[in-house]
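Following are the structures in question.
Two complexes are shown next, each including subunit A; its partner changes from subunit B in the first to subunit C in the second.
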Partner chain A sequence: MSALIDSLAIEARLPADDHVEVRRRAHKMLLKHGFPDIKTEAWKYTSLRVLEKRAFSDHLPGSNVLPELPFAATVLHFDNGLLNANDLNLPDGVTLEPQSGAQLDAVDHGDRAGAFGWLNLARFEQAWQLRIEGQLEQPLVLVISTAEDFHGDVHPRLAIELAAGAKAQIIEVHGDCGEGLVNIVQDIVLEQSANLHHLISRQSAQSAWIQRSHVKVAGDADYRFHTLDRGGRLTRHDLAVHLTASGAHAEIDGTVLVNDRQHVDFHTAIDHEVGHTNSRESFRILADGSGVGVFNGRIHIQRGADDSHSDLNTANLLLSEAARINAKPELEIYAEEVTASHGATIGQLEDQALFYLRSRGIPADQASALLKQGFAAAPFENIESGPVRDWLLGVLNNVI
Partner chain B sequence: MLKINNLKVAVNGKEILKGLDLEVGPGELHAIMGPNGSGKSTLGYALAGRDGYDITDGSVEFEGQDLSELEPEERAAAGLFLAFQYPVEIPGVNNAYFLRAALNAQRKARGEEEVDSMTFLKTVRESIKTLKMDEGLLKRAVNEGFSGGEKKRNEIVQMAVLQPKLAILDETDSGLDIDALKLVAEGINGLRDGKRSFVVITHYQRLLDYLTPDRVHVLSDGRIVESGGKELSHRLEAEGYAFLEESAA
Partner chain C sequence: MNQTVEQVNQVIQQRYKAGFYTDIESDRVRAGLDEEIVAMISAKKNEPAWLLEWRLKAFHHWQTMREPNWAHLKVPAIDFQKIHYYAAPKQKNRPKSLDEVDPKLLETFDKLGVPLHERARLAGVAVDAVFDSVSVGTTFQKELKEAGVIFCSFSEAVQEHPELVREYLGSVVPFTDNYFAALNSAVFSDGSFVYIPAGTRCPMELSTYFRINARDTGQFERTLIIAEPGSEVSYLEGCTAPMRDENQLHAAVVELVARKKAKIKYSTVQNWYPGDENGKGGIYNFVTKRGDCREDDARISWTQVETGSAITWKYPSCILRGDRSAGEFYSVALTHNHQQADTGTKMIHLGKDTTSKIISKGISAGKSNNSYRGLVRIAKRAANARNYTQCDSLLIGKTCGAHTFPYIESANPTAKVEHEATTSRIGEDQLFYCRARGLDEEDAVAMIVDGFCKEVFKELPMEFAVEAKALLEISLEGAVG
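Right after this comes the complex of A and B.
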């Protein structure tokens, strides 16, 4: 355990800012709880061995090229995890500031299962607060990338706040070339009637990506999440959404593709804290080669959260004998007058469908690619048609 | 065009076709009728090359080529088309995209140039119009949520776009109302050009009223037991398949 924390390299670079105490407290919490191991329920399918064996080294700020996007956007580039905030040209209604000491003092990442949250708080270089008011016309794109020679660890910390009635689309584009650790913590707040479409497209090579997103949705606010995860050596995303007032609504859609020696683990939790809250979730994993895909979707409808509705569905494709998928819905319902449905399937490509395509002249390889693409694209069908969806589907079809 | 000689096909180790002979010349339309379970769909699948439909004996030649040596997609590129009795739903795969991919894959395999999307769309739209289908179906996933009749007509649209040399239509008429049936017949007749051949598998004689079959065959228990002209289909309609058992006995 402490071997992992000792092997991290970033400590040397930490700024002597106002947050020294915050980091010290977080470090203590981390030492107290330790990192999760396979005996930790929420981590039983995801081992940290890959990380423990890694030698991290200090890194310089990167010089990554930005990916080209086929739509107009405001881009924030976290280059090797660090945002250069100097030449940002933010649209009206958007402000970006460092998080305050009080804000950071209040952070609680819980026990061992939240160890990477504590680690982030112990080692962050920057902690940003992004506030959005009004309706943004262009998407905000957060590019988080690492350079080829990156063997370090970075701990981006970002709070996002949508003011009452605000509307935005935030697209995260994650990619790496090195062998480091990118450990992200996000705190997202949607105030009354706000509307956020939050999208992540990630393709990771050898780096480990750990992400914790904590989302609070106020009354009549609407949180939509889409993720397209194209695999990585070790990727873990914990997404927790809290529906905190009547009329709050959340939808989570995701597709994960894993192939040889890749491991991607998504743990989502939707918490219906009060009545008249709705959620829908659909998640798909396509596992090929010796890839491992994990999905755990928890729905919690609290006592008194009556007249709430949730629907959770996970459909998965096992494409090789060595691949593994663990996909599990987890419903906990303590309220009344609730409708909650869930389903989970793991299957293979259908012979019938393959034959149908081949009988039309489509070669076997292309036929199975088409079927996989069709299967993988389903969670994105509910994105409004336009350049963002086309881009995402293009990205998807490129990897299958 | 098609020469089937003493064809035996086993499915899951069970012999279904038990020595079937059939010869279809260029430009001809043959009808195959027969009771449920007699092996009609098995014949279609075996010709199209479905996995698990093992040819255990006999031979199938398509334009002088041994079909059993070709993969399904190679058979398609060679000019063979099977309209499925139960067209398959392909979630998430766009109908127009699929059809263009199929056409271009076939053309590529034949060393022909691919068609651009404009030319392609023009061709599909014509077929869609002929079959009085909704153009919106092009944007939907292949067969997903299509009504039974739409699925069958979609098979004919595919046939019209892919322009096969030999089309095998497996009960494309089942479940169609009379108007749809006429449209399907029109679709078939529109493609008859003196060279293209058809094997029309059907349960009822009513589709044949709108087509002019050169030969009608009766398939029973894995063999062709009777062949004749159009009058044979009328006799089957009137007498049912009962007489088969008498002649078999």
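Right after this comes the complex of A and C.
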């Protein structure tokens, strides 16, 4: 594993800013714990071999064009992972500034399982703090893209804060054409009664795309997450949601599509720290070609968090001989007056449904595409904003 | 509220009825583990050279391994050099029949309700009784022999049927499998051996009763069951130990081999001493149990009721190698006070049209933690494999934990896997309903728990089902109110 540390040349080419000490500490922690291997429980199904074999270069890649969106939005473009903060036209109530040293000093990414968090902290060039007050009318779109000649590593770091009572929609559009490493760390805080709809649409090519999102939800606040992941050579997303006060609510919905030589690993964890908190999760994987889909969904209800309710459901379709799906829904319950349940299935398209469509004159490939579309679209039906839902379903239908 | 201290003490003591100690002279090797001890155990059993060699290989492999730490358990450090790896009640010569067995031993098993003597005839169950490290007697040998069934202690099998032991030993659980299986392979002392010839249905239930008695010893038994094509057997296992302040280690290995169209049903009521209400003492139970449906249409069914042990680490598994073979796992695991359990199963689907079913019921009370951990793996060539898993957890009290960790891996597009799990507590409305009909709270809880576990209990042979129900009630005493 030290080969990966060497090839990333962790101490090379970093800005001489106020965060030298922060990076040094993170570097030490990374060396102490090392990168995870398949013996690390949380990385059991995802090997880093692809990354280990890769040579990273400092070459500056070309810039990317922004994708077109069918709805009005405020766009922040992280071109090859770096945000050009000049000429930003932010709406009222939104501020963007660099994170303070004190904030970064307090960061803890734990042990080996959090190695990429430490790597981010050891290598980041920019760390932004986005604060939202009041209710935003337009969605805020974060575009993170890489160019074809991207062979390096970038480590975007972003803290998002929603003030009490604030309401926002944040849409992330991740597009990759390169062959490097994109390693994102997000800290999201929802203060009292805040409301955030967080959506990620991602398609990665040869780059390893690794993301850690850490969300804290205060009393009566509401966090809704949607993701459509269209696969990548190696994608791993860790999403941890902490319900920290009474009335906090979280919902996670996602669909992952994997095909030849793709590997997507989604780890979610919902932590009910106190009572009177609710969560719901629904996750689907469609694995075709030689794709591998991994889903690990954890529900943790802490001692004393009575009257918490949680439900998790994962349904998966295995569509080819060479594809694989590994699912691990987990419950860890320490409180008594709770209801917690999960369900998991792995199967294939129903013969009967296919037959029904074909008997009505629909060719076999169209019939199966229709069924797949219907299956994959289900987690997005509860998106409130019509234009955003239509856009996402359009993206989905283009792939299938 | 008007209970006296004595009454309370009576209830507490009643909770673990098997906690007495039998004062019997025993022959014990020195504490510690090295090549010499392994050789000494082998020599005491007068084993052939190949077996000693196998034990030593296992020992050397064990030395290279680390204790597993992935389970949801807090395991205090175990000093493997402080354990006595062999203890046996002193007997001048091995008794030829049960009449020659030390009456003190028979009395012990009698107290535990294990039918070794005339009661055995009434019960119609053949019993192999294992006391510390050795088997002290096996009943119904003659009747079984007539049917062609071999049911004897493991040591006897090594002497009488070395070819069978050599062929099958380690073929399901190799010594390289895991830390505790390697340890067991190096130092195993005794256990049961069952061989059912082709086309034979075993004429009676077979049963082994394990008893740890001596202080500071570990128990490492090994059970091997071979069911030849078309045969059928039902096997029961029970276990107890004295109440002691220190912890004792139990690391067993059970291997089942089911050949074409053979059926094996393996039931366990595990009631090792769980420790006292402050978490002091109790057995550390690290067990590897695995069945191999080696040929087509074989069937293996595990049923377990786990109420004892301070720590349980146990995953009875099925390897579904033959086409159309089937595996089943029914489990009730109850933890109370400071007990910890991490238990479940593995269903490895390799053959075509294989099916498996998992029903797991976990009950946690007191300050205990109870985890279900199960793996369902569908291999690439396991076309049309089918699995159904249901695991439910029940919480009694605010200081316990109930956890579920299922691993589902599928690599075949024609396979279907379903898993569902729920966690809840006994509802106020259920309790109120029962109490309104005149049941006191403890009886009401026992009744609800009994209903919760019904799906598993109905899989147990009748004598065991009655015992399991009584055991749950006793184990739950003091869990409410």
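The criterion applied here is as follows: the second predicted complex is superposed on the first by the 392 of 400 C-alpha atoms of A that agree within 3 Å, B and C clash if a C-alpha of one lies under 4 Å from a C-alpha of the other, contacts with A are read in each partner's own complex, and residues count from 1 in each chain.
Definition applied: contacts are C-beta pairs under 8 Å (C-beta built on N, C-alpha and C of every residue); 3 or more make two chains touch, one makes a residue touch a chain.
Just so it is clear, the model here is predicted, and its values are computed rather than measured.
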| item | value |
| --- | --- |
| Fit or clash between subunit C and subunit B when superposed on subunit A | fit |
| Touching partner for A:L371 - first (subunit B), second (subunit C), both, neither | first |
| Partner chain(s) touched by A:S57 [first = subunit B, second = subunit C, both, neither] | neither |
| Which of subunit B and subunit C A:Q103 touches, first, second, both or neither | neither |
| Cα-centre angle that subunit B and subunit C span when viewed from subunit A, reported as a multiple of 10 degrees | 80 |
| Which of subunit B and subunit C A:E41 touches, first, second, both or neither | second |
| Partner chain(s) touched by A:R303 [first = subunit B, second = subunit C, both, neither] | second |
| Partner chain in contact with A:N397 - subunit B first, subunit C second, else both or neither | neither |
| Subunit B versus subunit C as contact partner of A:S7, first or second or both or neither | neither |
| Winner by number of subunit A residues touched, once subunit B and subunit C are compared | C |
| Gap in Å between nearest CA atoms once subunit C and subunit B share a frame through chain A | 15 |
| Contacts on subunit A seen with subunit B and repeated with subunit C across the two complexes | none |
| Residues of subunit C defined as touching subunit A within the complex | 70, 72, 378, 380, 393, 395-425 |
| Contact footprint of subunit B on subunit A as seen in their complex | 350-353, 355-364, 366-367, 370-371, 373-378, 381 |
| Subunit C-facing residues of subunit A, complex | 41, 303-304, 306, 316, 318-321, 323-348 |
| Subunit B residues touching subunit A - in the complex, by the definition given at the top | 48-51, 71-73, 75-77, 81-82, 84, 87-93, 98-99, 101-103, 105-106, 109, 141, 158, 162 |
